[in-house]
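Paired with subunit B in one complex and with subunit C in the other, subunit A is shared by the two complexes that follow.
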Partner chain A sequence: MKKKFVPTLLFYLLVLIIALIVLFPFLWMLTSSFKTQVDIISWPPKLFFEPTLQNYRKVFEEQDFLKYFLNSTVVGAVAVGMSLLLGLPAAYSISRYAQTKLAVFILLARLMPGISFLMPWYIIFSRLGLIDSYVALILSHMLIALPIVVWIMSTYFSTIPRELEESAMVDGATRQMAFLKIILPLSGPGIITATTLSFIFSWNNFMFSQVLSMERTKTLPIAVYNFLSYAEVDWGGVMAAAVAIMAPAIILTMIFQKYVVKGLTMGAVKG
Partner chain B sequence: MKHKLSKIGVALSSLCLCAGAMAQSGEIRVLVANHPYGELLKLSIPQFEKDTGIKVNVESLQESQLTQKLTTEFATKSSTVDVFMTRPLQEGKMFSKNGWYAPLADYDFSDYPKNIMNAASFGGKPYIVPLVTEWQVLYYRKDLLQKAGLKVPTNFDELEAAAQKLNSESVAGIASRGKGAAAVTQVSSYIYNYGGQYLDKGTAAFNSKPAIDAVRYYGKLLGNYGPKGVTSMSWENIMPLFQAGKIAMWTDASVFYGQIVDQSKTQIPVANFDIANFPAGPKTNAPFIVSSWGISVANQSKKKDLALKFLNWASSKEMAIKGMMGNITMARSSVWVDPVVRSKMNPGLIETRAFAAENGTPVDRPYMSAVGEARDLIGELVIESINTKGTSNKLDQLAKEKANRVNELLKESGEYGK
Partner chain C sequence: MIQSSFTERNLRVLFPLPAIVFIGLLMVFPILYTLYLSFTNWNLTSGMGPSFVGLDSYLRVFSEPRFLHALGRTFTFTVFAVAVEVVLGVAIALILNRAFVGKSLAKLLLLLPLVATPIAVGIVFNLFYDPTIGLLNFTLDALGLPQGRWISSENTVIASLVMVDVWQWTPMITLIVLAGLAGLSEEPVEAARVDGASEWQILRYVTIPMVMPVILTAMILRLIDALKTFDIIFAMTGGGPGYASETLNIMGFKYSFEYFRIGQSSVILVALFLVVLLCSLGIMKLRESSEK
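On to the complex of A and B.
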């Protein structure tokens, strides 16, 4: 009993040290978001200070971040939803018919630097009058979400024994019915992983939104730049905006953490 | 198949037609920068709309985003921008070469300093109306200089002596940008005052003796008496240190003055901060004075008459006076002699501006299409000098190499020797 105590203590000490190092920037951001400009730049850094909500007031009152929140949510949710609609059957097909070439082709879209799509997209969308529309943003974000859904789900489907759907088909179900009624209900954890990951990637996307959106459809990562002015940086505002943006992503990850971690390693352990 | 394609084509082109017809004649799209003057324009636009009946769709973007957006829109020839704020020295050459600025033949430029208009004109014709100017100054801590029994340095020898005397464990004697490319604009005044320049008649000239001497001096100053880690510092890093009282003197652009004397952003009583002319070098005193921001009409704009109307209003003397009242250093000369403005403005700002407008050099960087690449190259030189406190024996060789690379860049864009 005594022997085990010391290693356990060391283990948690190590965990604590690593956690502190990893969490330090986050902690700095969180405290700075409640500080005034003077307190943020003061040296040595102030551990105890009079907290102010002024920065958050700027984020939500002066800058209308609620609108950007709504934009990011709409774009992320619809893009992920559509990706699931297209990606789940695609992943199933790839998994059951071993269409590896197709899978690699879809992955290519993800491997190519996003910036190479921007010019053609801009031309197409502007000819169609779709600049500053949700449609353009959602379509572009599907480029991020769809490959994630397809890749996570095709490996996930491969872990589900074929016998299940075969027996359903023996009983007269079509393959489509077997997929809808048998496979999908068993795929909950996989779908949650794919949804969470692709939503976070869409939430964080900067490049596509920057070029394809304007004032009306501006998303959150672009809006943070409102606090960077020529020759002046409003650090408090930036920090508060960053906290506000990270909060939903962190909450989402905390709720679905178990699945996300599982999903990330799913490709690694096949069996 | 062919039939189908042509159908799609018809559908597409009719969509385009709709989009074109939808745009009303009395509506323009304006892009402004996240800049105090851009904010001022945004606030004043409702009044402009009321007076003229023109509807203005305005967007404001951070400066690098603005450049990227304009470049994408113009390069794909599908832009709907009519008027935009622009940085003459940073993107002017590239934009004008691509024909993205509309010529401003009928605009009255008599109210603008001649040296500044050089950077707003291409091939002798004006394309940009300068809005805001900035020039190199010396910021200093009055109290620290007084305590050390020093007077404000007026030349480089005095500057070095003062930096040495003021330098201590807790306070750096002097600061200026040390982070490679970002430092290039601030080193420029040092180079001019040594009698050198970055480019001469379209050829790299920063490997000349005066320019290298200036870079050595800059390195000696910052390497010995600068804050720790100065080679990774731009203004974003120096400003908070200066405001926290960790720096005694700071050479940078005049644009920061408003923030320095804003008590809500500073730990030190603002009465202790002051501003002075950039010190003279061994050869001359010609610090940079540049138009950091201007405004232009987009050449592809289909509503040039409305766009020009907006541009005239946005760059009017009336708006410029409003800008001056908000501590923005405007480019128009007449607003600087306006008695109401003079009574409100800080005298230090008025004096240093008058000096720079008369003696200054109207460029603060290698003025060419590939500004960014050239700044990176020269930046390496500056860092080498700071790291060795100006003593590097490789500096001449390095300068020669970098000059050759810059010449190559100039040749690539067809600007060499011009």
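On to the complex of A and C.
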């Protein structure tokens, strides 16, 4: 039997403390979102209270949250889809032809501060009349999604043995056919990881959308941020808005937990 | 011998080409444009175009105390946050690195801060830190401890922001190091144990050195992101009170989209760009030499 560094009882106590610290802001946010203003600022914090849906009603009725929700979803989905379209062949090529320099070039987009492209984009997109357009917003979010797709998928493709497509090529298939018909169908788990992760990053993006979108294409993070100034000290409303924006990302994470962990840790552990 | 098609022979160029063109247009070109603009003086609200002024914008920005403070603050925030995150993150990973009931649930919990929308995290912590009605001061008061003004005070604002960053990003270090620990072979540890090493010695001289490359990689990833921290600072203080929490990223944003002083904002963006680039290169070199 292996000895443990930390005794079991102390160990579970530590785990409990860590879990509570991690969870606390979520629980506080969630409970506050169902409280009235009076209950929120009462001391000691009320563990038992009469839940109210008033905050959510306010968020969804007074603000057009459904529209912003749809905007976020559409921008994220299209940006991720387009990034897969561009990123999958690039990742395959990087993996099969060992194009390290190319990989670094694409990953630079992940490294560089977003604001150093955002300012010129703002000027260029203004000239083209593309401020508050879905095109500009999707292009900007593609720069978030594409490096993630390439990073995850080039690592993933490298785990697929070359013999698979090589034997197909001996049988007369072209390499591009082998990629489409043999490699891609085997890449489900990698694609799920890349899709989930890049969608969440697009969903959570604030800076690009804050500058490039206005009323028509406004995404959820901007709406939540605006709600803060608009609602002044309406804490319940602010908390409900925060819950509404975090819920989809958290639900996605719960469903695809295994993939998300892999995506977040993959580069570091292999690299 | 079948002649392979044009597509097939040039696959290594054709496959990545769309992605290269995209990154070229959306990243490389804008960065070059920013570089050009940094040598001009241009106020977007003036209605006139950019005029070339050489190094004038650089001299003006670099001689401004506000810029130097923002530069220093960017480093203070980053070093402070990443140091705490790495120490805590590695410690938690070492604690959790064993089989226990609820391990996969614990891992799921660790994921939640990482996927929580930063702007909303900032907003929630705003209310937590609020000096008059915030939960933190209420709790301190109830415990008979002195209250603070947290993000409303120039003295505590950076530390308070660092705490939020630590809450959100420590789990990333933990998860990466946990994955690294899971991939280690048991043999060296067993061998050390047979030789009579204490658990502490094993940790200090076997486990940690073996997992060091992973820790360093996790640190690089965090460091690069911490230098660019924007959302939580923007949501919680907007760089205030005064300029007390203004980092390069926040300052660049204000010069670009609030003052529209494009020439000077370009200088700030070039500076931030270089800071991120040089820091990443520096640590990668450090990591390479540590592996030798």
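As a convention for this text, the second predicted complex is superposed on the first by the 243 of 271 C-alpha atoms of A that agree within 3 Å, B and C clash if a C-alpha of one lies under 4 Å from a C-alpha of the other, contacts with A are read in each partner's own complex, and residues count from 1 in each chain.
Here is the rule we go by: contacts are C-beta pairs under 8 Å (C-beta built on N, C-alpha and C of every residue); 3 or more make two chains touch, one makes a residue touch a chain.
Values in this document were obtained by computation on a predicted structure and should not be read as measured data.
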Simultaneous placement of subunit C and subunit B on subunit A, clash or fit: clash
Comparing the two partners subunit B and subunit C, which touches a greater set of residues in subunit A: C
First, second, both or neither for A:Y122, with subunit B first and subunit C second: both
A:Y225 touches, of subunit B and subunit C: first, second, both or neither? both
Touching partner for A:I200 - first (subunit B), second (subunit C), both, neither: second
Which of subunit B and subunit C A:Q257 touches, first, second, both or neither: second
Which superposed partner A:L102 touches (first subunit B, second subunit C, both, neither): second
A:V211 touches, of subunit B and subunit C: first, second, both or neither? both
Touched partner set for A:Q37, first subunit B, second subunit C, both or neither: first
Superposition clash, subunit C versus subunit B, among 6-14, 78-86, 96-104 or 150-158: 150-158
Shared contact residues on subunit A - subunit B and subunit C: 41, 43, 118-119, 122-123, 211, 225, 228
Complex contact set, residues of subunit A against subunit B: 36-38, 40-43, 118-119, 122-123, 126-129, 131, 210-211, 214-215, 222, 225-226, 228-233
Complex interface listing, subunit C residues touching subunit A: 2, 4-5, 7-8, 11-12, 14-16, 18-20, 22-23, 26-27, 29-31, 33-34, 37, 44, 92, 94-96, 98, 100, 102, 104, 106-121, 123-128, 133, 135, 138, 142, 167, 171-172, 175-176, 178-180, 183, 199-200, 203, 214, 217-218, 221, 224, 227-228, 230-231, 234-235, 249, 252-253, 256-257, 262, 265-266, 269-270, 272-273, 276-277, 280
List of subunit B residues in touch with subunit A within their complex: 12, 15-16, 18-19, 22, 33-36, 57, 59-63, 65, 68-69, 72-73, 75-76, 78, 80, 235-236, 240-241, 243-244, 246, 253, 255-256, 259, 264-267, 292-293
Contact set on subunit A toward subunit C in their complex: 3-6, 11-12, 14-15, 18-19, 21-23, 25-26, 28-29, 32, 41, 43-45, 85-87, 89-90, 92-94, 96-97, 99, 102, 105-106, 108-109, 111-124, 139-140, 142-143, 146, 150, 172, 174-176, 200, 203-204, 206-207, 211, 220-221, 224-225, 228, 235, 238-239, 241-242, 245-246, 249-250, 252-254, 257, 260-261, 264-265, 267-269, 271
